[in-house]
Amino acid sequence: MKLATAIIESAMVSIVSVAWFATAHAQDVVKIGEIEAQTGPLNTYGWMSSQGMRMAVDEINKAGGFQVGGKTYKLDLINPDTQGNPQQALIQLKKMLEEDKVKYVFGPFLTNIFKGIEGYAKQHNGQFLLMGGATQIHYELGKPGNDYLMRTWNWDAGPSGFGTLMVEDLRKKGVKKVAMLMQNDAFGHVAADIYREAFKNAGIAFEENWFEPGTKDYSAVLAKIGAGKPDYLFPGYTDAVLYDIVQQATQLGLTKFWLVRGSLGPALKNKDYIDDYIAYIPKYFEEAEKSEPKVAKFVAAYKAFYKKDFPYDQAPLCSSSCYDHVYMLVDAMKRAGTVDDVAKVKAALEGFTYDGLWKIRYDNTGEEIFNFDIVDVQKGGKISVTHEQPR
Amino acid sequence: MLLEVRHLTKRFGGLTAVSDLSFGLDAGEIIGVFGPNGSGKTTLLNLISGVYTPTAGELVWKDEALVGRKPHEIAAAGIVKTFQNPQLFGELSVFENVAIAGHLRLKRQAGWRRVATLFPVRANADDDLASRIDHVLRLCRLDAFRDVPAASLSYGGEKMLGVALALMCEPVLLLLDEPGSGLGHDELRNLDEVLRDLRAHGTTLCVIDHRVGFLGKLADRAIVIHHGAKIAEGRPDDVLRDRAVIEAYLGRGDA
Amino acid sequence: MLQLVVGQLLNGVIVGTLYAIIALGVTLTFGITGIVNFALGVFMMLGAYVTWYLTDGIGIAYPLAVPLAVACIALIGLAVDQSLFRFTRNNLINGLIVSIGLISVIVAIVLMIWTTTPQNMHYVLPGVLRLGGVVVPKMKAVVFVVLLLVILFTYGALTRTWAGRAAYAYAQNAEAAALMGIRTGVLQAGVAAYSAALAGLGGALYASLYSITPEIGSSYILKGVEAAILAGIGSVMGSFAGGIIIGVAEGVGSIFLPSAYNDAYGLVFLVLILLLRPAGLFAPR
Amino acid sequence: MKFLLAIPLFFVPLAVHDNVVLTILIFTYLVGILAVSFNLIFGFTGQLSLFHAAAFGLSAYATYLSMVHLGVSFWVGALIGVLFVTLISIAIGAICFRFKLRELYFAIVTLAFSELIRLVILNWNSFTNGSLGINFTLTPTLWVPGRGVIPVAGTIMWYYLSLAAVVAAVFAYSRIVHSWMGRCFASIRLNDALADTLGINVFRYKLVSFVAGNIGAAVAGSLYSFYISYIDPNYFSLDQSLAIIAMALLGGREFVAAPIVGALVLTALPHVINVNAEARLLIYGLILILTILLMPRGIVGLLVRRRHAA
């Protein structure tokens, strides 16, 4: 019987939510969509992103909306859950573009989702903007017919790439050998391609190891790596695996880590066992909260909005800066003086540096460049932060 | 000689179910194999129909060796057996049960051409199937139950369906495993008639049963096995008077 | 090189016992209720979450939290068995589907409560043992010993106690056992609860070794089922050995072969065994 | 004639101009083929195969890769994909059935094989581009009366292509199921020992059913991958196989076309009900459980009285 009640409840929920949509359509709204996986094994990015977006949308609407061309607009966020499934994402995007007439879509972070919707999205080039973090987007930017595409994450490689800066930093430390232990998935391979190159240029020996997503016990492959005596271990790339890798690595005597995705959580939990843990952290919230009022305000707002503590160990994911993106988009609409001429809005987005939690700007290909931190955790938990502001 | 059983032996671990058994079957006759429970009758049928492979000895069917062939190959060769406690496709109707059993018939008729019947262009090769099935059902007095689920038949009905399934395979030699057991008086007479009909149609029958009476009337020739070995063979009446047989049934000292 | 292999043999055995505890549950439920309960994986996941919640959330000491979690999971297993699996007895396919449905229900509930953010329990027993050149984390050693004891206990209980013999008898021949006066319903419910408890224990111990996410159930149930079948479903010590075989295959395998194929080694084993000995490795010929 | 039921579907695009609805229908038809073909093995022959997702994915890869490396057209590529899957299925089916693997064992071994295939595809980076998957640059072409040979693009063309495919599949499978072959399948499902003594070659017809089912999956795979125009190893994931089982069950096991209903429900549900992801997952699970416990004959089974599969 409890099953039956559960069904009825969920049915009611659905009715309610449908009703909510209906009301939202009443006044002048700018609809922004989000295509992200909020459940499933690789949902962390998508889930955190939509958290930031919900907050921003809520704040802006509570503040009475925003003015463009003497008209007041509110935001209407449509963020279905792709569950990491291209088929659903494709249908959801069609719904957004054709039924809800959304012009500004954030996401996706997952490569397979982007690939799944790319063909359809291309057909609507010029009619909307797709602003996602997926690494594969980088390779599509600036190509003819891809004006709809923008990438919302620092790119690893290239002169202003944070990866290049971090590898350089390692070279200065006199590191000779780095062993990578990567998820055998889409981003894992992108990372391998990028950093294989980067380390070669820096003259640092680079060794690749792969594991199946979902692995929990790494001691076998770690033991194998340890036998090769690398200076640093380069593990990838989500906290779901980093905690296990770092713990098990330290047990086997691998105590130096260097990573380009993921959080400080693993380092802090194992602070007595590691020697060195260098991480690319788009923003080191623990410190920024004290030094930057904006950040303090954001953290407080998050706690109030979600009635729970701020997920510091997930901070890098917040820092996909989806919160800023919403404000930046609104700002760009104001500057462009239009809410529906996407070409103008895109030009506006690329035309200024938004100064929010981050200093965010887009390069002429439509790829984001924002300031970030390199955080170095030493044995015992002593933390030193280097602020980087790529040009 | 239709089927020749030569020195057939089957052991399960230590137990010898059939030991050095030899006899022959002629076309058109009804052979009764009987013996007390556990005397190896059912094992014998399973050996002939290929369910078991013999430990030793050989089976010659129309001058070809049977041993090593799979049950469905032996069935295709014309030897079909029924089960002691009836096996059927419970959730299908009686008609559909028999229809499935029509497989061999279709195979013989159409051969590989039956594949063509899958394509719309060709009419079904088994268009006379229905009439054939109804014929078999009538023969087995099941026509009244044509469309009821097989599972809902009476025990006697199920056994009859078992026979009907075997008949539909158009066997040359029909092996019946205790067809009479558990049947009421009318069902028994009914079965008796059916089997006589069959012989009239030229089917060779090998019936095993522990019911001497029933078999005695039916069989042309009787073979008695005890502990898997043949202890008597001949006309049923003579065999039934045989001392060894009486001992086998009633135990020593009573005669 | 040698110590690398020895180390991985050891580690494989330890990791294998975690598979084995699930395999044991699979074997027992299959023997008594005639279904393969894939939900045992999520029971393990629940066990891990509950333990983590009791220790880091409420602040109960780990040694105390484990039995609590196990009991809690056993109850859930019992409730589920009575409300769902009671209706799919001896129907492998239906039982399979129901357990799959149950998986997504439970995962959904866990997501609602704890989200997908990986949870990490504080270290119960940090540090490692060094046996020559071979390194074994202390906690892993403890986990191994506990699981080993539980498996041996189960084996003993099944062979020496009345309930155990009843279970065996039932697995051999249901009608006969029923005639012997074994109360089928109670037996099945009991075994369902016990298997859930085993999975819960697996989870409770897991929590002390690895990070906890809602997905962990699926990978462990697959390994568990593999192990159970590998050994010949129905055999207690067999499922233990099966788990260890897969664990070692993965551990040692990934030294010599690319670790990306880690999951394949167990499978290859499984297929070969099933083809060469369809009844399973330890089943009597 | 039950096929008349399909005719209205051909007029849907004239009545419905909603791209989203049509897209949902396209996916319904494409996975519908998958579910229908699976049900030949599962519902009609009684073998729970977990190889179906693998057959689906294999043919998707084979089709595209043969187009790229052999320079053939989509239709030839699809044919190659189907042939490739046929060969693999014969090999795997022969192994499983020769060794008389039943129920759970068959399920697990088929699962094992599809996992192994997934791992090979995943790690053979040079050929399959590994986990990054392949972005299709080629599209199928079709001869359309009056317009000549044109690439298949846009919702309408895909709608008719997928509808035609699913109708063809249903037609083919019902020919099989309602023939002597279907009777053999039923006999294996219900009592294969008896089937054996009635002269039915159990091994052969298990194999036929397995291969015929996987061929359907192969066709679905080629079309599906080209509609999404992207493939990656996730096509092989266990979840895929489980979703297929759910569709077959939900629709109904004893009718050829019934699984399509299940496909429709499970494809449309996430887009009809607008609850958060967790609740959706919950509902998905409840559907599986309730179907088994409350309507084991599936949705269609509720509507139509039992007809015997023979």
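In order of appearance the chains are A, B, C and D, and numbering begins at 1 in each one.
Here is the rule we go by: contacts are C-beta pairs under 8 Å (C-beta built on N, C-alpha and C of every residue); 3 or more make two chains touch, one makes a residue touch a chain.
In this text, all values refer to a predicted model and were calculated from it rather than measured experimentally.
Undergrad: Along the graph of touching chains, what's the shortest path length in steps from subunit A to subunit C?
TA: Step count on the best path from subunit A to subunit C: 1.
Undergrad: Quick check on this structure: which chain has its C-alpha centroid closest to the centroid of all protein C-alpha atoms?
TA: Central chain: D.
Undergrad: Using mean Cα positions as chain centres, tell me which chain lies farthest from subunit B.
TA: A
Undergrad: Counting in whole Å, what is the centre-to-centre distance of subunit A and subunit D, each centre being its mean C-alpha position?
TA: 35
Undergrad: If you average the CA atoms of subunit A and of subunit B, how many Å lie between those two points?
TA: 74
Undergrad: Where the CA atoms of subunit B average out and where those of subunit D average out, how many Å apart are those spots?
TA: Using C-alpha averages as centres, the distance is 42 Å.
Undergrad: Quick one: subunit B and subunit C, Cα centre-to-centre, how many Å?
TA: Those two chain centres are 49 Å apart.
Undergrad: Which residues does subunit C have that touch at least 2 chains other than itself?
TA: 111, 218, 258, 260, 263, in rising order.
Undergrad: What parts of subunit D, by residue number, touch at least two of the other chains?
TA: Residues 122-123, 277-279, 281-282, 286, 289 of subunit D touch two or more partner chains.
Undergrad: Which residues belonging to subunit A are in contact with no fewer than two other chains?
TA: Answer for subunit A, listing residues that touch two or more other chains: 39, 184, 210.
Undergrad: What are all the touching pairs of chains?
TA: Going through each pair of chains, those in contact are A-C, A-D, B-D, C-D.
Undergrad: Spell out the part of subunit D that touches subunit C in their complex, as residue ranges.
TA: Touch list, subunit D to subunit C: 48, 95, 99-101, 103-105, 107-109, 112-113, 115-116, 119, 122-123, 238, 242, 245-246, 249, 277-279, 281-282, 284-289, 291-293, 296.
Undergrad: In the complex, go through subunit B and note every residue touching subunit D.
TA: Subunit B residues touching subunit D: 49, 51, 70-72, 75-76, 80-81, 83, 87-93, 96, 99-104, 106-107, 114, 117-120, 124, 126, 165, 168-169.
Undergrad: Of all residues in subunit A, which touch subunit D in the complex?
TA: It is residues 3, 6-7, 10-11, 13-14, 17-18, 21, 38-39, 81, 83, 86-88, 90-92, 94-95, 98-99, 111-112, 115-116, 118-119, 136, 184-186, 188-190, 210 of subunit A that touch subunit D.
Undergrad: Inside the complex, what are the residues of subunit A that reach subunit C?
TA: Result: residues 39-41, 43-44, 47, 184, 209-212, 214-217, 219-221, 223-224, 227, 239-240, 243-244, 248, 251-253, 265, 269, 273, 311, 314 of subunit A touch subunit C.
Undergrad: Name, in rising order, each residue of subunit C that touches subunit A in their complex.
TA: Counting only subunit C, the residues touching subunit A are 1, 4, 7-8, 11-12, 15, 111, 115-118, 120, 126, 128, 135, 137, 209-211, 213, 215-216, 218-219, 250-255, 258-260, 262-263.
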